[in-house]
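Below, subunit A partners subunit B and then partners subunit C, in two separate complexes.
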Partner chain A sequence: MSMAQQPAQTQSGHIIPADKVTRLPLAYPKPVAWLVCFGCALCLLLIFCISAGVLFWRGIGVWGNNIPVNWGLAISNYIWFLGIGHAGTLISAMLLLLEAHWRNSLNRFAEAMTLVAVICAGLYPILHLGRPWLFYWMAPYPNTMTIWPQFRSPLTWDFFAVLTYLTVSLLFWYIGIVPDLATTRDRAKTRGWQVFYGLLALGWRGSARHWTRWRQSYRLTAAIAVPLVVSVHSEISLLLAAGPMPGWTSTVFPPYFVLGAAFSGFAVVSMIAVVLRHVLGLEMLVTERHLDLLGKFVLATGLMTAYGYCAEVFDAFYSGDKQDLGTLMDRLTGRYAWSYWGAVVANFIPLQLLWLRWARRNPLCLFLVSAAVTLGMWFERYMLLVTTLYRDYLVSSWDNYHPSLWDWSLFAGMLGVFFVPFLLFVRFLPVISVFEIKEARFEESEAQHA
Partner chain B sequence: MHEPGAQHPLFGLMAEFDRPERLIEAVKRSRDAGFRRIDAYSPFPIEELAEALDFRDQRVAWLTFFGGLFGAATGYGMQAWLHLDYPILVGSRPTVTPQAFMLITFELTVLFAVLFSIGGMLVLNRLPKLHHPVFGCESFHLATRDKFFLIVFGHDEKFDPVDTRAFLESLDPVKVDVVKQTEEPA
Partner chain C sequence: MPQIFTASADTRLRAVGLVIVLLIFVATLFVGGEMDSTYTTLVGWVKDQPVPFSHKHHAGELGIDCRYCHTTVDAGPKAGLPSTHICMTCHSQVWTGAPMLAPVRESLAENKPLEWQRVARLPDYVYFNHSIHIARGVPCVTCHGRVDQMPLMTRAQPFQMRWCLDCHRDPGPHLRPPSEVTRMDWSGWNENSTEHKEYGERMVKAYGLRPDQLDDCNICHR
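Our next item is the complex of A and B:
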């Protein structure tokens, strides 16, 4: 069993650092640091349980929501989390179809990030329902009330979109990880781990027939997942745009939302990539070139989002609508102008650093720019909701909005919902797609021989 | 292709290779030698292997397509039917409104295409499977890492424990192993 101790040799004699990844779950390098992080995440999860408990017990009144601003933090965070999730699917599916081999070092943890982000996002509208235990009323099922859902409502669209997105993301991620789980199963030394990974790996044995069908299914799912991302975040913009509210009616909304989502998501993937490669010692797999490419993606989607900002302002002026102009002025100079300018500054000022090659390749620099973008996109979601809702057409329904303590504690707790499963993934599953790296190497060596 | 059942005392003979090119070559030569019931195992997908095995199966693609059709029909049909069953009249707008139904129709198209695709892939591959005779082969745990395996199944018409072994040895493998039928653990 000397093979298991050494890095594997490939057919062409190169050492594959990738094989290290399937050993990480069995011999995790920094268990104490992981336990400390996991402990903190569990504390956040506890805060989530308390906040949700208080919310269920006392009702939506514990939040700062009021009648003009009835969405508030819950829905702006929902949009923010779901948007972050989209980058995982785009990296994984779009770049797979484009045969960009460098994606293989990033797709696994990006998809895991998608999964947990979609779970966080999906919880928000349910918690926001007022009577969350009746959330299944959104589903069309035969019931004693003899009524059916209103399918022309974006809320029903939302139910189907998020459910589909969650299911597809989970299945895509899972069939992608099965071959690596089989590797981990075959490397496990103790009975317990062999059984654990054996069950997860579904009995995968790498038969050529299995691979052929697997590949068809994986590629087809990828091809379908790309338009799915576009449809899901377009649908979210329609949640806003289908209502007759000033500042929400611009036709730029669907692409603006999708690109903003990709922008914030690529930023979060960059942050995770920087942290993981440092903590797990994966610099050989997630190289500076990967950070460079991620930085380019953040920059490109950021500039497209900036175009959305311009188009929105132009749209308000071009329409000449009094109310639209009023909302625009509220955004620029009103009570919540901090969220507009916060978004503009945090999203686009540090971003300009990414024009420079050294900045994209410097992990700390990329991390900080990405953190600014994540924060900036949070400001943007908040700004889009609150600045429109707090000044409706009717002056009688004007009111200010302040998130309460329980709003903020639920947000903090939701970060626990994000980090607990993600840390479990980092600790117990192969974080990088090893077999796809081997496949790419084989194809590249073949191309060289040819 | 069915794998040998319990009536065949020998599940097959397994040859181990250390390079993918050798495995592809070995598969081609086994096919040329007249073996039909063979399979190859590799740590990553290799397109040439399926070609060498002459394995063409488009059923996953068709399942995905029909899953999508089924999802589209279900999605649109459900909305139209339920609105006819329980009309929600707003400003005398029509009951069945294709524009407003398209999003859910699209989502269900995607959902069922993916469910059929991945579910079909697993069913056709007979997965999940808790137990398989090839796992009894001593060095097979390397098939998910960096070794490449060729098996000639025991129910191949040309299979003969001695001759087939000699043939496999002639392919220049690392070694050849016997894969026995093993009972599922109770």
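Our next item is the complex of A and C:
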């Protein structure tokens, strides 16, 4: 492995510091900045622990949930986090099988992002349970009650979906990182790091047999992961559709949710890509071309999501159902209209910039548009839940929803749950798939010589 | 570059992995077994009572009907634990000076109830009504066991939800004539008599019991 010490060369003759990535964990360029970020993330994690502690001690009553709006911030954040995760799988698995080599510069950190996002998402429904310590009742296991989970309920499938997604994402990410961990192990100077990376690399020696096995398992896991891209979030939309509530019954929901998920996910991946390449000096690996492609993906999925918005409105008018129309009007003009218009404006107005090539290639511009999209998609999740629930069929049960302080503190804390492991990943593991980049470069040069 | 790991490191790593898997497996078995053990279900464990009351003596040997002491069993959700006055209906006349009964006399004198420790206790999220079970003829012995053979009262059944549902999903075979509900020994009841054999199914129809609805969550969790 340590044979490829010399930088790889591109066709144009530029020297590409691909190997730099495997050195990053051993000689991190900006330790102080990292420590500051990590400290902030730890503070957020502390907020999470306090909020969860208060929640466990005093119960769901500390939140703003009430009886028409029994799915408040917890579930909208759940959908939001899970959606963000989707881009990682999409980039990694789908583009791997499609042999789009440009994914190699993005997939590793996108997968890591998926992993932590799924963990954040998975925590929310558990925290949302009245008795969270009994969450394992969702699993079908032999029990003293002789009851099984209700397999007709999407809630049960939700449990399976998130668990499968977590397992497959973890496997896929870990299998993918093993060869790079071995490289880092070989570069490590001190005994401690050698043992640390050595254990993680599982004795990888890079023999031909290792590579064959690796290729088999990686592609297999990818093939398993691809259906999850569409199944998990369409299943979430069924969670809503199973409740006979106005505004949740449109047949566009499954694709609308999946595309919205990919949309928000690509936005987050773009933000991470912009920040990482700037901080770690990876401009040569995550090039403007990659930002350009990410921008195109954000634009494309964004326009498809916009189609979902139109279809939803059309659906309400087409059904002519009084309650559906009422909910539509509540969304457009009601008390929570800010969340609808917030979603429309933040999602689709700055997005139009991405039609321009320079905007896609400009890191700051891409970052800002993506931030707007991330915020906009958060508005959308909030809008979908609250505007439907706060006014249902029974006028007597109408009530407004105000997230409480503990709702918000848990959300802030959940960002800590997101950033702490992600920052650890950035600091201690190879953030970009080096060996795949090298392989692709090698194939390119071979093709040129031939 | 020197070797990082010794030649046996791989084997040791695998061994550790295997041990972890085995530990998880054993822990699962242990927890599963523990859930069904009498340590958790308390079946057969005696509780300390203010007076060592013997059901074997009173219900078995003397043949006092259950309802003499558990007065509200056929009229309300709770069977009721006997008041001191019920004890005293007899013990003001017999065994009046028995040292074992001193707490009962004290209780009467001080007008302070005896603190019986409940043996057959359900969790507070379970709504259980004795009267309907008595009215439909589920004999006491089904849930409380042969109390006429218990010198000290112990729990006879684990009271797990599985056990409740077994009956709720198929109530027929458990039904007996309500007039004989306190009878303890039912051995041979439906062996020789076709009428007895068909009794359960007939009564399920007669009472309009719907086993498909009897295991709805809100039957017991309200």
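Here, the second predicted complex is superposed on the first by the 434 of 450 C-alpha atoms of A that agree within 3 Å, B and C clash if a C-alpha of one lies under 4 Å from a C-alpha of the other, contacts with A are read in each partner's own complex, and residues count from 1 in each chain.
Just so we're on the same page, contacts are C-beta pairs under 8 Å (C-beta built on N, C-alpha and C of every residue); 3 or more make two chains touch, one makes a residue touch a chain.
Everything numeric in this text was worked out from a predicted model, so none of it was measured.
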Touching partner for A:Gly203 - first (subunit B), second (subunit C), both, neither: both
Touched partner set for A:Asp186, first subunit B, second subunit C, both or neither: both
Partner chain(s) touched by A:Val195 [first = subunit B, second = subunit C, both, neither]: second
Contacts of A:Leu332 with subunit B and subunit C, given as first, second, both or neither: neither
Touched subunit A residues, subunit B compared with subunit C: B
Subunit B versus subunit C as contact partner of A:Ile147, first or second or both or neither: both
Subunit B versus subunit C as contact partner of A:Glu436, first or second or both or neither: first
Subunit C-contacting residues of subunit A that also contact subunit B: 146-147, 185-186, 198-199, 203
In the complex with subunit A, residue positions of subunit C that touch it: 1, 4-5, 9-10, 13, 32, 35-36, 158, 160-162, 165-166
Sites on subunit A touched by subunit B in the complex: 3, 8-11, 16, 19, 22, 140, 146-152, 156-157, 160-161, 163-164, 167-168, 171-172, 175, 179, 182-183, 185-187, 198-199, 202-217, 220-221, 224-225, 227-228, 231, 235, 238, 435-436, 438-439, 442
Complex interface listing, subunit A residues touching subunit C: 2, 142-147, 185-186, 191, 194-195, 198-199, 203
Touching residues (chain side subunit B, partner subunit A) in the complex: 1, 18-21, 39-46, 49-50, 53, 55, 57-61, 64, 68, 78-79, 82-83, 85-86, 88, 90, 97, 100-101, 103-104, 106-108, 110-111, 113-115, 117-118, 120-122, 124-125, 127-132, 134-135, 140-146
